[in-house]
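Two complexes, one shared chain (chain A), two partners (chain B, chain C).
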Partner chain A sequence: MIELLAATPQTSTGEAVAFWCLAPIAVGAAVMILLSRKAVHSALWMATTMIVLAVLFIMQGGIFLGVVQVVVYTGAVMMLFLFVLMLVGVDASDSFVETLRAQRVAGILLGAGFGVLLMAAVSRATFPEAVGVGAANDAAGGHVEAIAEAIFTRYVFTFEVVSIVLITAAVGAMALTHKERLTPRRPQPEQSVDRIRSAHPTPHPSPGVYAQHNAVDTPALLPDGTASEASVPDELRRQGTVRYTELEAANRRADEDGERE
Partner chain B sequence: MRLELSVTDALAETPWWLSAIKAVVIFGFLVVSTLVMIWAERRVVARMQQRVGPNRVGPFGLLQGLADGIKLALKEDIIPTAADKAIFILAPIISATTCFLAFAVIPFGPVVSVFGQETALQLTDFSVSVLYVLAVTSVGVYGLVLAGWSSGSTYPLLGGLRSSAQVISYEIAMGLSFVAVFLYSGSMSTSEIVSSQDRLWFAIILLPSFLIYVVSMVGETNRAPFDLPEAEGELVGGFHTEYSSLKFALFFLAEYINMFTVAALATTLFLGGWQAPWPLGGAIWAGANDGWWPVLWFVAKLWIFMFMFIWLRGTLPRMRYDQFMKFGWKVLIPLSLLWIAIVATVRAVSNEASIDRQDILIWGGVALAVLLVVSIVWDYVSGRELEQPDDIDKPFDPFGGGHPVPPLPGQQAVAVAVVASPSNADSEVLDA
Partner chain C sequence: MNPENYLYLSSILFVIGAVGVLVRRNAIVVFMCIELMLNASNLAFVSFARLNGNIDGQVVAFFVMVVAAAEVVIGLAIIVTIFRTRRSASVDDPNLLKL
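Presenting the complex of A and B:
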């Protein structure tokens, strides 16, 4: 970007001001991707970098590229990333212990090396004389038309190859995550009929609300003071984390002792 | 008197102060419309449900939205202990700012003269403005997802994930429904799409696209019957369960302005934008599309869609989540793709092979009619008939299956003796 700006002698003041305002944000956000302790924060800094880059593209006349960058990368790709991060539950409990020895040092060295390589390559490259986006657009009769012409004539083979790669990846992801159903699916009408015919057609009693506890793990009490098993989720009962009242807990212990003897 | 200046030129020559005024006016229009919409929604839904609705604050209860807003602002602002504080605050801000941005490219009217300056009644326009609206809405989704995640609670997280999955899925169907419009107008700029509909609205020639867009716009805005992200029965309040006070108000505002955005986009892309509706434009009243009148047509069309939103909410129950996703991915998206293929083929054939479009339509209609006849004949030949329930002839058992049941269609109801309960012991035992 700096190279491009330097190559064109007539950078307007507005453009320069916008560039020097946006570039630090983009670079700062990029650094914050590495420094953030939570994966979701990193993902957000990444989204920030992408949006700032999109604004820079638009400023350079690449309106289509800028808008598509936001739609595709920020709107779809980063959103899927966030999705996965939230679903697998990577949050405050991230571990910062290095599992590979000297991984951090090696990472920093490699990153710096790559940066030097990239800068050397870009600074030594020779660019053809810039004609400006306007000239390219005029040749095809419009901004979108120019891009369409480039994609569907000159680069049509590359374009098709890229789409094949993407489709293969999508099919692969579906094949990897596909799971056969072990039991046949029970449709809603069937379920409702079964429920009406079962011994318990009404909703289960809700869990108890008491002075000390108010949560799904606290069972409701029946008129005789015993806990209603139906009022707590099965899963909690299996885990053994149901919170019984003291009296009930004592009774249960007594029952268990009685069974053992 | 039509001003002879194209929209692009008029916008390019607009001075900065006029752009600033336009931005403020759009902002004010949206906020006031939201207040009116809250009132209208409550009154109309109340009418549909045989109630009165809010009628205490101001004439006809018109200031109810304002009163609600003040009440919200004065509520205690709670940030849960488990919340990620920075993102918890950022999320409603993202939602509420991005929703305003999309209106920058919506044309409210043609080129007019303001303070002696000729300008178009839209803030800005460029070659890909419809894509820009998509981009802005996709950034707006971050608000929902982050709100769900940062609350540090299960229901908001599930609600946030649901809403993002829903919005992303329906954005695909929405984007695909635009393609046919782009093909027919030859542009992605809102002002050009409006001007290419001066003879016929795209809602008529591209009816399937229009229908797909209308369905997906309801899904996109998380409104009933697709309001699954905040399904109270399942998720308490969805992504905004933990939000209170002004932060909640921002989400509320964002939802309503998003409704206006998708409605304005529907008006612009399919209903001819600011152009006068059919009998008015041109023939009857030559000046209907000049000056400031188009703003009236635009706002009227906008409110038709807003009424539809209210109507849907008052009429339809909420869908089940899996049915909703199945509908989006397995019905809407394939249908859109098929329709795009048809539109593109018809366009290409009529452009390249110089075949008249009327011929294509006639032959397409003939093919469809033949298909219909064949399918009807096939039904007769294969001898498939409507399946009748096998117990239709049996006498009606009012306690079939152990529970009181109504008669099936065609069955004769029999009067049953009602046994007086102890509470109304005076009532007599009724005989058949």
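Presenting the complex of A and C:
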């Protein structure tokens, strides 16, 4: 089927149906990238657009490119985006305060004007009868062979330059995200010695596990029914988000009231 | 269907990406919109390859993808560095050079 589509010079009915099904999805997902308030939602809509574009590439005979699109874009680039989103904070939603007055309206107007310009250029241009890449593929003995021949003969210089760009980018990313150590490193032997000297050489008790929670914010109960402070992380205690049992919470409130009096 | 429709779709996607770069404030979303523009241009390249019956357009689209990957790596590294020092991913906040 794919071979057939790549070889046919004019668009078949099947391709037309696929195009009119996929193009609205691509445009809708692209618009949703702009309209989503949260960056994670934008990333998911972006992935949708990219997969649809991969299918459109394959429909036009770019089978290799379609697979690369899925592997590189939806596989690597989008995961990198999501990874950085998690680093930066998923909740970091956009502030919709305009720093420049009427920038949004101006941006949309400029975009509409640019769109009209592009559409006019495309509609006024005369295109050759679509021949398809079938003949070019056959000349090289296959689709991947044709692409390989082009990359490693006519475009070999570009290929080398692009590989240098990629290596420079990787080194640059490492240099940019490298963080200088502010405190001296404490090696493991030193840490173990400190631990044995401390008041708590054994591991801390694990947090409580109940039928409704098995989260780290639920303290373990000691034999007398009180909560063990050592079983929840210090950070949660500082934030005051430890989930005590009802009895324990009542006791704590009573203690606090007693102290106040 | 006329194969030119792919070019219309490509220009629509490019314009949406351009509007996103102009309108959105979150640096990561701005980056995604740049990726969308690159993808739209790739679609145009593949369509031209099909219209003209040679493989060169697809090879150029492949190089665009590689450059886009490099650009994403550097861009996201810059965003992470800015976020570390300024605790913000908004493109409006880094204005230290402003008088």
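Following the convention adopted for this analysis, the second predicted complex is superposed on the first by the 157 of 261 C-alpha atoms of A that agree within 3 Å, B and C clash if a C-alpha of one lies under 4 Å from a C-alpha of the other, contacts with A are read in each partner's own complex, and residues count from 1 in each chain.
To be clear about the criterion, contacts are C-beta pairs under 8 Å (C-beta built on N, C-alpha and C of every residue); 3 or more make two chains touch, one makes a residue touch a chain.
Just so you know, these numbers come straight off a predicted model, no measurement behind them.
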Fit-or-clash call for chain B and chain C when the two complexes are aligned on chain A: fit
First, second, both or neither for A:Phe114, with chain B first and chain C second: second
Chain B versus chain C as contact partner of A:Leu87, first or second or both or neither: both
Chain A: partner with more touched residues, chain B or chain C: C
Partner chain(s) touched by A:Ala76 [first = chain B, second = chain C, both, neither]: both
First (chain B), second (chain C), both or neither touched by A:Val216: neither
Which superposed partner A:Gln103 touches (first chain B, second chain C, both, neither): second
Partner chain in contact with A:Val67 - chain B first, chain C second, else both or neither: first
Partner chain(s) touched by A:Ala39 [first = chain B, second = chain C, both, neither]: second
Lowest C-alpha to C-alpha distance for chain C against chain B (Å): 14
Touching both chain B and chain C, residues of chain A: 64, 68, 76, 87
Residues of chain A defined as touching chain B within the complex: 38, 40-41, 44, 47, 51, 54, 63-64, 67-68, 70-71, 74-76, 79, 82-83, 86-87, 142-144, 188, 196-197, 201
Parts of chain A lying in touch with chain C, wherever the complex brings them together: 10-11, 15-16, 19-20, 23, 26-27, 30-31, 33-34, 39, 42-43, 46, 49-50, 53, 56-57, 60-62, 64-65, 68-69, 72-73, 76-77, 80-81, 84-85, 87-89, 92-96, 99, 103-104, 106-108, 110-112, 114-115, 118-119, 122-123, 127-128, 130-133, 135-137, 140, 146-147, 150-151, 154-155, 158-159, 162, 165-166, 168-170, 172-173, 176-177, 179
Sites on chain B touched by chain A in the complex: 84, 87, 126-128, 131-132, 134-136, 138-139, 141-142, 145-146, 148-149, 157, 160-161, 164-165, 168, 171, 188, 320, 401-403
Partner chain A, residues of chain C touching it in the complex: 1-9, 11-20, 22-26, 28-29, 31-33, 35-36, 39, 42-43, 46-47, 49-56, 58-59, 61-63, 65-74, 76-81, 83-84, 88-90, 92
